[in-house]
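Labels for the chains are A, B, C and D, by order of writing; each one numbers its residues from 1.
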Amino acid sequence: MIKIGIVGGTGYTGVELLRLLIMHPQAEITVITSRQEAGRAVADIFPNLRGHIDLNFSEPDTEVLASCDVVFFATPHGVAQASVPELLDRNVKVIDLSADFRIRSVPLWEQWYGQTHACPERIGDAVYGLPEVNREHIRKAQLIACPGCYPTSVLLGFLPLLERGLIDPGDLVANAASGVSGAGRQASIPNLLAESSDNFKAYGVGGHRHLPEIEQGLADIVGSAVSLTFVPHLLPIIRGIHSTLYANLINENAGVDVQAVFEERYQDEPFVDVLPPGEHPQTRSVRGSNMVRIAVARPQGRNKVVVMVAEDNLVKGASGQAVQNMNIVMGLPETLGLDAPALLP
Amino acid sequence: MIKIGIVGGTGYTGVELLRLLIMHPQAEITVITSRQEAGRAVADIFPNLRGHIDLNFSEPDTEVLASCDVVFFATPHGVAQASVPELLDRNVKVIDLSADFRIRSVPLWEQWYGQTHACPERIGDAVYGLPEVNREHIRKAQLIACPGCYPTSVLLGFLPLLERGLIDPGDLVANAASGVSGAGRQASIPNLLAESSDNFKAYGVGGHRHLPEIEQGLADIVGSAVSLTFVPHLLPIIRGIHSTLYANLINENAGVDVQAVFEERYQDEPFVDVLPPGEHPQTRSVRGSNMVRIAVARPQGRNKVVVMVAEDNLVKGASGQAVQNMNIVMGLPETLGLDAPALLP
Amino acid sequence: MIKIGIVGGTGYTGVELLRLLIMHPQAEITVITSRQEAGRAVADIFPNLRGHIDLNFSEPDTEVLASCDVVFFATPHGVAQASVPELLDRNVKVIDLSADFRIRSVPLWEQWYGQTHACPERIGDAVYGLPEVNREHIRKAQLIACPGCYPTSVLLGFLPLLERGLIDPGDLVANAASGVSGAGRQASIPNLLAESSDNFKAYGVGGHRHLPEIEQGLADIVGSAVSLTFVPHLLPIIRGIHSTLYANLINENAGVDVQAVFEERYQDEPFVDVLPPGEHPQTRSVRGSNMVRIAVARPQGRNKVVVMVAEDNLVKGASGQAVQNMNIVMGLPETLGLDAPALLP
Amino acid sequence: MIKIGIVGGTGYTGVELLRLLIMHPQAEITVITSRQEAGRAVADIFPNLRGHIDLNFSEPDTEVLASCDVVFFATPHGVAQASVPELLDRNVKVIDLSADFRIRSVPLWEQWYGQTHACPERIGDAVYGLPEVNREHIRKAQLIACPGCYPTSVLLGFLPLLERGLIDPGDLVANAASGVSGAGRQASIPNLLAESSDNFKAYGVGGHRHLPEIEQGLADIVGSAVSLTFVPHLLPIIRGIHSTLYANLINENAGVDVQAVFEERYQDEPFVDVLPPGEHPQTRSVRGSNMVRIAVARPQGRNKVVVMVAEDNLVKGASGQAVQNMNIVMGLPETLGLDAPALLP
């Protein structure tokens, strides 16, 4: 059994991590911390877990965390930075679900997150935890920076086209939409049911923190700078991200079979499902599951490629991908504990 | 034109009052106050009102309010108490949407609302603003205490049966369910879409503040004490209250035609619609409207009477009823500005 | 491995049965039939199952079904009747999710279901599959009639009180509310999102088919006739049933500790969770799970007992309970394959 | 008073037309037809209209319709074609909400709608009823083809940029999302609440019937052919369309102030509201209203322009725009009966 610690487990990625690890045959949750809820039973905050877990939240304690094999950080950005170095020094594997170690450029990170990075010397050690791109690096990593929810869907959607140089990397559009769990479990008026249900809107059109992360990931694939227009929207659903991606085929590639490109690229990936031509992925088809479903089309046979990607933002977009990374880094089968079908209807 | 002031207009009853008064041909909104949002444009907070109203929220100012014909209080309980006496002294009609003047017993009010009443001497002057019961008193009132959202539906549902002494007042059950707008426009985790959508639960089974108000209203009808079991539930909808009421016919009334009782009682009421036998009222059929729709049944022909009542908690349950009261007290046609059909679908 | 056949798998209980059996370590789905969709891949209709199941729907074939250890009927009422006798004769265990064998009185069944029963001679062999009441009979059954979704919640809610004779069985009220998946996967205008979302209503107040089933189950507990008023409502959610039950304590029992009564009755039940005093069960806390959560209260300390019950109508209310019955009748651990936590948020 | 006939009033555009005309001070609804529901009270199908309208649906009768001043067709495509010529001959103004007369090219219409056009000789007489573009032609029209719901939002969003030649018309993207009322009041499995709530997906990526209509409208503005990629999505909301539009500024226009372009273009339009920089339109801000709200941005100051447009698909996208056209063609104030604020929350 793998001894697991979770730092900051009172948000939605926290409860989802608990749900997945409870079903994982090799996971033993040793400790879960929360300064704010210390002493309170986990099941008291998350009523779905009554009868499934007996832990109480506790104050963070480095000794306890250091005795774990793996520590997950399910904290807001800025928290993991402070604690990660000591855990790494004590040979704990750290899987960070926050944004702290995702962006390699310290100035860029500081510009978008509006604070000084507390641990810039460790950023270089972090592996960006997108297994479909970085599986071999993840295997040997000690610090894994899990991708953001939007970046996971956008990167997996553009990946097959960019790797082969089929599209113009200077004119990419990602029109994405997320369920409200993406905003976290925080009291706020705009995310009240009375405000956000029966409603739809874009937000952050001027600039969303996932933009530099996505552009970095795209540039890594291409090997040079890219230009992405990224417009996120708020969906009146609990879970799910759907990204609709637009790119222009480079002229000499007009004859390419984009369906085949996607099927070949992802044929061995356990968590990427390429749909048959003409189908459209639905967020409910991945609700509660670590699967990403993708479809690709060329409407009217023109040179504009449209890619549609559906994921559960709390699973493949956060906690499920974190467990997938844990499986890889601990040498377990990659799908262990992650193979339950989505909940539908 | 009637000069109108609104105190505390940043909540849902506030915006609904604005929407209704903007459409009202005799209303002129002079001032709307909010300490917290003073200086901010109303349309900035309520994007549906852009282009319909030019006012900014302002600090409460007694001189300005005293120059109005009617002042509405759309404030949390405890606020109106402090300001009402001066306005009454200066001959302003006050229509209070809060709970401050609904309950005649000061100790009972203080027990349920957990604070000392600041203005007990005016409670006796207040008229409980349920026109179907108190129309003539409202006409002459200077201070009107608008009923709560749940009480409106429960009182109108039991009224015809209790007035005629048909049911046992010692064993009444009100199983009610409200949309989340009833909880107000306040940041809170339980009312986030991610928490309250795709969900249903009872709440406050141990005791809800509307219980003493309803029991007072029922006792007024009967002329003696009643016993009500009141269980509210939270619906994953924005607007709407549905109350399902249960009572036992007194034995000698087993032959009564309950459908006729309801139709006769409400035949002249402009805002109470008794449905044909076998139909069920739906909250969407009153969405945005001041109408209450009621159906009555005796399942299996037994002595248990079931009454179903649907209202829009923000209209007939709050701001619409307040405008109805304004129409009555100002000598206008009772339905003025309140006759738009509900929005469906 | 247990060889399993499913008759009629294109509805919501069908897909839920598939989801649960896919995760069940001892289940091998051999055949799934549908006259209408014969030849079509299961995953084509249920996109959550892509990659999890390779079967196609097939025409019903008695030989194939007879080679299974267990056959589930997830069909509309009237279908199982015709096929069950031959399967029973060939020693297949039959678990029927439909209403065909739930009611012991043939005339009562025929009155409520509006057709002649095709197999009255087998009704007496059927065991009503509510394990909390009938576990020992289920163990030895060959034909199990799984309870309806509403009956499961109402029976489990009244059971502890009725068994001890604490309440008046002549005046029971069940105010229940169900998500729309309870209406099945059938094209219909009233269940469109545009009709049923942002809405709430009662339905079937004149008489719902689950009434005679519930009254039979309650009478079995009491040992004599009962009188239940049952009013179902339609919730704008996908899954979940919440029943709010009302009963009068018999006078000499006024001193009883109802909380203790429930805790004692259900202390050894793996799928019934009695909440601490003052809590309210939520449907989301059992979404996708076989757990039932129950709370009991006596508002204002009066003699009216209020019981609140939350279940997932497709799991404990249908397919989960069917698998629980399969585990019992096949001698497996009762919770096998049914222990995943609910999906929240 | 204007005598009005409505053909085919049992769908969502029908009930919305009724709701708007009931509130319209100059409208008198004379007849409403439906073959299927002939004889049934309108309020029987649309419970929000109980007490607001006394009409029954009737069989279509040309004599009765010919006695009206205006006849609205709220029918599926293919129906108006057959009846329009006779009404035009008898000097009735016809406002067609269907697609029958929107597309000027008969072959193009027949290709996308899969049938032979029954009345090609009248297509040339029809005026495309988008007042912001065609107001003067509408004033003199006898046959008005109301724009589709998606086309209204996409055309109004690109209009200011295309009119001034600021963007490349050869690379336009419209990523649009609609509430389910856009699919009409028809029994269908995919639009059940259990299928479409808590879900999001694209649909019709291979080609949607609104594509040729939008491309025709865009080409009319530009004066030459355009190329649009149009991807519609299905939102789990009742009403509302949100279009997010992407276009590339032509290089020499990099310095343009797009905010000013939009504000100038729409400053005199009563039903187009340009939001301040940095804001995002929300569908709920136009729920039940004829207003369109638009915002424009240039993320990161790059040459990609993003336009966001919110409308109520049943109002400005259908019945409200139809009434706006009626006001124009009948010489009434354009906003008459259309100035109620949106319903929020």
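General observations
Just so we're on the same page, a contact is a pair of C-beta atoms (placed from the backbone, for glycine too) under 8 Å apart; a residue touches a chain by one contact, two chains touch by 3 or more.
Note that the structure is a prediction, hence the values are computed from the model and not measured.
If you compare B-C with A-C, the chain pair joined by more contacting C-beta pairs is B-C. Most remote from subunit B, judged by the distance between CA-atom centroids, is A.
Here the CA centre of subunit C is 46 Å from the CA centre of subunit D. Note: centroid distance subunit B to subunit C, computed from Cα atoms, is 39 Å. Computed centre separation for the pair subunit A/subunit C is 37 angstrom, with centres defined by C-alpha atoms. The residues of subunit A that reach two or more other chains are 12, 181, 185, 194-195, 197-198, 236-239, 282, 284, 287, 345, listed in rising order.
By the touch criterion given at the top, residues 12, 15, 19, 22-23, 46-52, 181, 185, 197-198, 238-239, 273, 281-282, 284-289, 291, 293, 314, 339-345 of subunit B touch subunit D in their complex.
Of all residues in subunit B, only 12, 179-181, 183, 185-189, 191-198, 236-238 touch subunit A in the complex they form. Within the complex, the subunit A residues that touch subunit D are 171, 173, 175, 177, 194-195, 197-203, 205-207, 211, 227, 229-231, 233, 235-240, 242, 244, 246, 248, 278, 280-284, 287, 295, 297, 299-300, 302, 304, 306, 308, 310, 345.
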